[in-house]
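Just so it is clear, A, B and C label the chains in written order, and each chain counts residues from 1 on its own.
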Amino acid sequence: MSVALPAVDISRALIRISHEIIEKNSGSDSIVLMGIPTRGAFLAQRLAQKISTIEGHQIPVGTLDITLHRDDLRMNPIRPLVPSLSPTGGIDGRDVILVDDVLFSGRTIRAALDALGDLGRPRSVQLAVLMDRGHRELPIRADYVGKNLPTSRSQVVKVHLTEIDGIDEVVLESEEVK
Amino acid sequence: MMRHLLSASDLSYEQALLILDTAQEMAKVSESSVKKLPTLRGRTIVNLFFEDSTRTRISFEAAAKRLSADVINFSAKGSSVSKGESLKDTAQTLQAMGADAVIIRHGSSGAAKRLADSHWTSGAVINAGDGTHEHPTQALLDAFTIRKHLHVGVGDLRGLTIAIVGDILHSRVARSNVILLSLLGAQVILVAPPTLLPLGVEAWPAQISYDLDSVLPQVDAVMMLRVQQERMADFFFPTAREYSHYFGLNRRRLSSLKSNAIIMHPGPMNRGLEITAEVADSARSVILEQVTNGVSVRMAVLYLLLAGAPSGDIEGSVQV
Amino acid sequence: MTSYLISGGVMSGDQQVDILIANGVVAGVGSAIDATAATRAVKVDAKGCRVLPGFVDLHTHLREPGLEESETVASGSRAAAKGGYTAVSAMANTFPVADTAGVVEQVYRLGKSAGLCDVFPIGAITQGLQGSALAELGAMADSEAKVRMFSDDGNCVSDSVVMRRALEYVKKFNGIIAQHAQDPYLTKDSQMNEGAVSARLGLKGWPSVAEESIIARDVLLAQHVGSRLHVCHVTTAGGVEIIRWAKSRGVNVTAEVTPHHLLLNDERASSYDPIYKVNPPLRTQEDVLALRAGLADGTIDVVATDHAPHPAENKECEWQAASFGMIGLETAFSIVYETMVKSGLLSWDQLADRMSIAPARIAGYESHGQKIAKGAIANITVVDPNRAWKVDRDLVASKSRNTPFHAMKFSGSVIATFFNGAPTVLDTKLVGASHDN
């Protein structure tokens, strides 16, 4: 196990992403952040707070549980649903920024795009992730990346956040430990 | 999660809450612009109805379709095989068609369990009402409705008192509700003429009363049960008029309820017998909402029984 | 004719004694056995076994004529022999009903030709078991079958006047009326014992009072007209109590209990498996204990099987659609031994009484239930209390497999059965009969 990203780097990455989001969208008037549970939701909250501080007004933030849209449901034990939180003002005509912790095969994001489509019709959808570890199985890329981390398939990337794990850090484990 | 849903007593406290919480999320789907999820795509669900019950069948059908399952409606009533080994034959036919789940409504108590315990089908079995035994999804939707109104949609039903009024003896709704509501911490009072209470009811986790008027002021919800006309022919009570007089919910009785108490009925109603039209259509009545909630609760049950790995747990999760 | 030496078994007390069977009768017992004759005999090792008079069943559904897909007189006789029975009483609810001399003689002859046990037909009390007009009881009594016991079993003779007339009429030939005590109004569409379990399962209840009220009426009628009443398959504590009271008042009443009511209670219905559906229904554990006590103190005179074969399709269905009844000939001894003897409620002599001597006396089967002594007709059953076995419904001799005891383990077995001096079962296996069903 090795620490791929310590707390200070996580914080720095989120600040950078916040600025990139504002820059790319020429401000923050039209943006809505949608976090993918569990850890993506907390990252979205953090980003929304940072952007709000910079911009001086509240950024709408929501959560998007993609469980019901997953394509691997039958391969795993049943997952309890996470309550979804709709952002104030909805997503129609907005620039939605999906937020997740790790980008890997891209299947979660595919499911998230489907789930988003059920909620409404955004003007654009962008993707922010804390870690991009490669091995994409679908034509999906992130617009904002905290850190690119080359990994092997058998390795496991674990994002820990103070909100639920008591600590901020990203660790790389060589194999899943059971 | 368990493999079948045959009785409310199959559920642990945690599982019951999980179903209600899941139903809460499913309700959002029903409210969104696209009322469909791909969750059960490619799964086949059979509505196997040996008894007519359009509302229950439609509710399950809507739930299954919102989760993108393929639905086959099989109405065995009126077909040449009406009883006996037809259950076995029908089940084996459905098995040959590859049913992933069978939702069964049957006039015989225990038919759902019989199907689940047999080797006639390998699919999940959901009891949609078996004789005078149980109707667990009705109890779940009732609990969901009560929780939504009286506990802001969160947690269990502790602190609430719920009256179930009418033909307890023949009611599958009552049996499932007594089990589930008490599991979730509610106090249940059964109100009926002594002839319509089963011998042995003392063993149930519920209080018994013959006097509706004394019960109404203490309850947070009152659930009226349908009284079937043929019960009169079997001398369970003297006349419809006398029944309504003692056990019907009318305007006078409505006024003795607590201000926030709700009125429920599993339907179909006998307006004028167990409930007056005025009460059924009053602001206190959540009867139509029960129908709406039925779809969400059944979506939750289908999701929890069918969406996961067929053989239960597969170890390790894939990072995606 | 081959002679047999049952050696080393115990008849009564704990004395080991040999028994020589020759020419259909008991040729000698113990030291009185002729040594030369003994050496010529086929030896049946009965060490550790009990030697009892052959069992007599007062309540057997053999289904012939009319329902041969469930059972025939021949297949039922095989089941009886395997269960240690040398006589069975064929119930009248066949098609046609055994309500004429012609039908009872047919059943009687079928029993003779099967040759594995005596098959004594029970005649119907009323024509077609309809509960109104009396059947020709006298003609059946005078027939070759010499019917003495009459029953509408399956149906209750609920009409008090009809019951009174039947009880009176059979006095003519010292007959006996065997009543299936079930108030038809209190049990319309009933499915199982009424109580906490039926309330939970939503199955229509079968109140014990429906049985008890008929028993009470019948013992009073029997006393009033001075006739003999036999109460079929008592199942409730209250029923036992009423019979005890009637006997104390000198009423000429006898009663039977089935092995399944001695062993199983109504919790079995929780499975909704109709293998446990039976008429009268399985009752509560309190009733089970009262039945055991009643059989022990003699209030209940006999164990009768109510062996009721049904084809698979009548049980492979939902509870309400299924037929009532279970087979029981082949498991009766093991259950009575387990519930009554092993538990200390009955002695071996009492078991012989309840399963052989008393039923033979009640029904007047003279060649059965006799003391095993020189000159007696050799109807004998050898049982081993220490030979454990597991019931397998696929291995029953009966044509039907509807046993609720499948996969249960019992500690005692029937080892050998002798019918009129010839073995029908040796080393637990049927002999002499063809095995095709």
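Please note the rule applied: contacts are C-beta pairs under 8 Å (C-beta built on N, C-alpha and C of every residue); 3 or more make two chains touch, one makes a residue touch a chain.
Just so we're clear, the structure is a prediction, and the values are computed from it rather than from any experiment.
Engineer: What does the chain connectivity look like after leaving out subunit C?
Structural biologist: Groups left after taking subunit C out of consideration (others unmoved): just one piece.
Engineer: Going by C-alpha centres, which chain is most central here?
Structural biologist: That would be chain B.
Engineer: Averaged over CA atoms, how far is the centre of subunit B from the centre of subunit C? Could you give it in whole Å?
Structural biologist: 46
Engineer: Roughly how far is subunit A from subunit C, centre to centre by C-alpha average, rounded to an integer in Å?
Structural biologist: Chain centres of subunit A and subunit C, defined by C-alpha means, are spaced 77 Å apart.
Engineer: Give, as an integer number of Å, the spacing between the C-alpha centres of subunit B and subunit A.
Structural biologist: Between these chains, centre-to-centre, one finds 39 Å.
Engineer: In their shared complex, at which residues does subunit B touch subunit C?
Structural biologist: For this pair, the touching residues of subunit B are 83-88, 106-111, 113-114, 117, 130-134, 172, 175, 198-204.
Engineer: Using the touch definition from the top, list the residues of subunit C that touch subunit B in their complex.
Structural biologist: 191, 194-205, 207, 271-273, 313-314, 316-321
Engineer: Of all residues in subunit B, which touch subunit A in the complex?
Structural biologist: My answer: residues 1, 18, 21-22, 24-25, 28-29, 32-34, 36-39, 67, 303-304, 307-310, 312-320.
Engineer: So in the complex, which bits of subunit A are touching subunit B?
Structural biologist: Against subunit B, subunit A makes touches at 65, 68-70, 72-81, 83-84, 102, 104-105, 107-108, 114, 117-120, 156-157, 176, 178.
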